[in-house]
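So that you can tell them apart, the chains are marked A, B, C and D in the order they are listed, and the count of residues begins at 1 in each.
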Amino acid sequence: MDFWAGYASIALFLIVAVLFGLVTVILPKVLRLLGIVPRKPDPVKYSTYECGMETIGPSWVQFNFRYYVFALLFLVFDVLVVFLYPWAVSLRGGGWAAFWAMGVFVAVLFAGLVYAWKKGALEWR
Amino acid sequence: MAIRTQPVTINIGPQHPSTHGVFRMRVTFDGEVIVGLEPIFGYLHRGKEKLAEARTYTQFIPITDRQDYLASMTNNWAYCLAVERLAGIELPERAEYIRVLVGEMMRISNHLMALGFFLNDCGAWQTPLLYMYREREKLLDLFDMLSGQRLNYNYMRLGGVSQDLPPEFLPALKKFVAEMPGYIDEYEQLLATNEILLARSKGVGILPAELAISASASGPVLRASGVKWDIRRGDPYSVYPRLQFEIPTGQQGDAYDRFWVRMQEMRQSVRILEQALAAVEQMPPGVYRAKVPALVRPPRGEVYSRIESPKGELAYYIVSDGGIAPWRCRIRGPSQINLTALKEMVVGWKLADLVIVFGSIDVVMGEVDR
Amino acid sequence: MTQPLSGREVAARIGREIPGAVLLADGLGIWVRPGSVAQVARFLKEAPGLEMDYLNNLTAADYLDYIEVVYHLSSMKHNHSLAMKVQCWGPQEPEVPSVYSVWLGADLQERECYDMFGVRFVGHPNLKRLLFWEGFEGHVLRKEFTG
Amino acid sequence: MAVNPPASPGPGNPWLELDRTEGLAIEQLRAATGVPLTDPAAWIDEEVERGVLLTSLDALLGWGRRYSTWPAAFGLACCAMEMVATAASRFDISRFGMEFFRPSPRQADLMIVAGTLCWKMAPPLKRIYDQMAEPKWVVAMGQCAISGGPFAEYVSVVPGVNHIIPVDVYVPGCPPRPESLLHGLRMLHHKIQTEGSGLKRGR
């Protein structure tokens, strides 16, 4: 019986998560239908806010490449952290084998970071 | 191979938390690096110089309060000093010392706000500001005791001050002067060697000495660039020749030096307050204003008189045609002229540094747009 | 103590270098011919004994039949000061050469003088209204402006 | 509606075109304003038609909105310093749920216009007021915002903010002390409470 208990908590967690998302999206719409939240569409209201002035020029411009490199590096290490969580929780069961397995994984990614560092991608100039 | 990038122009516009009021900069960026900057003024232009021509000499004093509203007393002082020099009015000794007391208290209060907002811009959101506001509230209570107002005091008159010191003022000021060095130590211990502040403001927005002189910078901005010039020493007025105090100057002229110079100036102001307090205590209360007719008629002529306001050289150029109102009253506001070199200080740095350099210049819009 | 220079001495010195530049001189200041303001300014900044490297104040005043542009100069090294004035007569718009190339501090003050008095500073890189918006008619600090 | 940057940054003023359009906007707004806008005091004649069911909902909504109005930092001049003093630790404004001074109008419900409004600042003020989401309120703080104050007769000063945007509460003073600003804000809370949800008019 306790086999399902684990899944029950996950199911509950899932329901709450989905509900939370849905409610925060649906509630303003419902309140608007009820008329509690006033609705006054206005072209100036929907224009971009820039300190009270109109924006100058298009914002789709060609800017420097280094921002893209940073985004890449962040993505790689973000995914790494996602894998670390379950590993960290179950490390006691896995013993040294699990430790070394994850060690290899982290070392490979770390090599990528060292390469980027040497290439000067981290300099902000 | 050079990466071809296009510049983006952004309005750091009239309503922006980092512009301390309604100042607007049209900044052109290449990525995050500033390529061009054009300051735009006039969003708080209230025409004090035109109003001066329609008011008698005494009526104009409350308008000067609203010019640099973080240092109202020194505005009054600069204006009254100019008219007194023009009309040849002699002040009683006690009035001079009360003016020095009040002027130096104003300097401390102004530097507290300047440093508070500068650290706000550095990212220490509200914490140092509320620390420094605690002291400023004490000073505002003292000013409240003196003139009944927290901000625009209208306290000085031609020939002296409007009311004498209330009996409970001197003990309260003495207590404040005794505690203040302890608070300044607390700020320095909290901030002076803080690595985030050092990283963000050391070597940022450097204003070299000769550019500072050529761009007519004055006050802490000029002294931070290493130029040892203070009007209280260079062109002394009132009783400053009798008071001992040093003039702190920085080395590099970067944002950290401006922060450091203001912190040391607060210490010197406390020293001046101690000496002035000692002198005022011996004086008999009573004579706090010279006999001046309500409708002062200075002789024909002009005067350019300047004082060291917390922001720099605050000067009045008054031309009188013998009538009851000035023919021309030009206000030389240090905040506006300190902004002349803003573009040179900021081009090449990033947006985050622009916010810090602008905060370190310590600008009040009432004085910039007059 | 900032020691104001006597206008006559300075006028004599300038007279030797740039003849005809100084029209009048009195105890406190010198009046300069509008055309040669830039020359006199450069001389005042570079002359060995003077070195007026600090422009305290640049403003104008409307005296009904002429507009007088006033420069308050001082020297950081010698701690002395001088007032230089330029009178622009005549019905046409007042024109004065800009001293932006000599002192950077003149930039905003010249734009404000243009905005408030209509004095055109020839040679200023970006002469436009400082405090009022583009398209505002009239110059506020002139005596005839009663808006 | 984005404005395009200058084609060729030649000598003189590269932004002449943009300055001129902004100047034109100011002139138009200046010509358009004459009589001050009436204050939104609809809550006075509202008492009569309210049904029983709505009062409890109105009370709840009024209570919710009243104690969570976030002010937009719109400090123009000296009154801004008193507004900051009110937000500081001594006259703590966060006792009334106004903890945050939101710089952007998107997250603000209340605009405290503190200081002298000049004509050059009028179009940005109107634009930011329009960009705030309903329900929104305006407090005119200080004599300059109410009627132009000591600078009223000057050509570049708007004689009162209610020429540009409707004002809910006027806080007189030059600058008003933090206590009087707090009193003004309490009056605004009373107005929000009795205004209710505005079911009828989508206020």
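Criterion: contacts are C-beta pairs under 8 Å (C-beta built on N, C-alpha and C of every residue); 3 or more make two chains touch, one makes a residue touch a chain.
As the structure is a prediction and not an experimental result, all values here were calculated from the model.
Separation of chain A from chain C in touch steps, taking the shortest path, is 2.
Taking A-B and A-D together, the pair of chains sharing more C-beta contacts is A-D. Centres computed as Cα averages put chain A at a distance of 46 Å from chain B. Per-chain CA centroids place chain A at a distance of 36 Å from chain D. In terms of their C-alpha centroids, the spacing between chain B and chain C amounts to 26 Å. Averaged Cα coordinates give chain B a centre that lies 29 Å from the centre of chain D. Each of the following residues of chain C touches two or more other chains: 131-133, 140.
Counting partner chains per residue, chain D shows two or more touched chains at residues 5, 22, 120, 124, 128, 155-156.
Across the assembly, chain A contributes residues 51-53, 55-57 that each touch 2 or more other chains. Contacts from chain A toward chain D in the complex involve residues 34-40, 42, 44-45, 47, 49, 51-58. The residues of chain B lying in touch with chain C in their complex are 41-42, 45, 47, 49-50, 211, 213-217, 227, 229, 234-236, 304, 306, 313, 315, 317, 319, 327-328, 330, 332, 336-337, 339-341, 369-370.
Listing the residues of chain D that touch chain C in their complex gives 11-13, 16, 19-20, 22-24, 26-27, 119-120, 155-156. Listed in rising order, the residues of chain A touching chain B in the complex are 50-53, 55-57, 59, 61-67. Residues of chain B that touch chain A in their complex: 3-16, 24, 26, 30-31.
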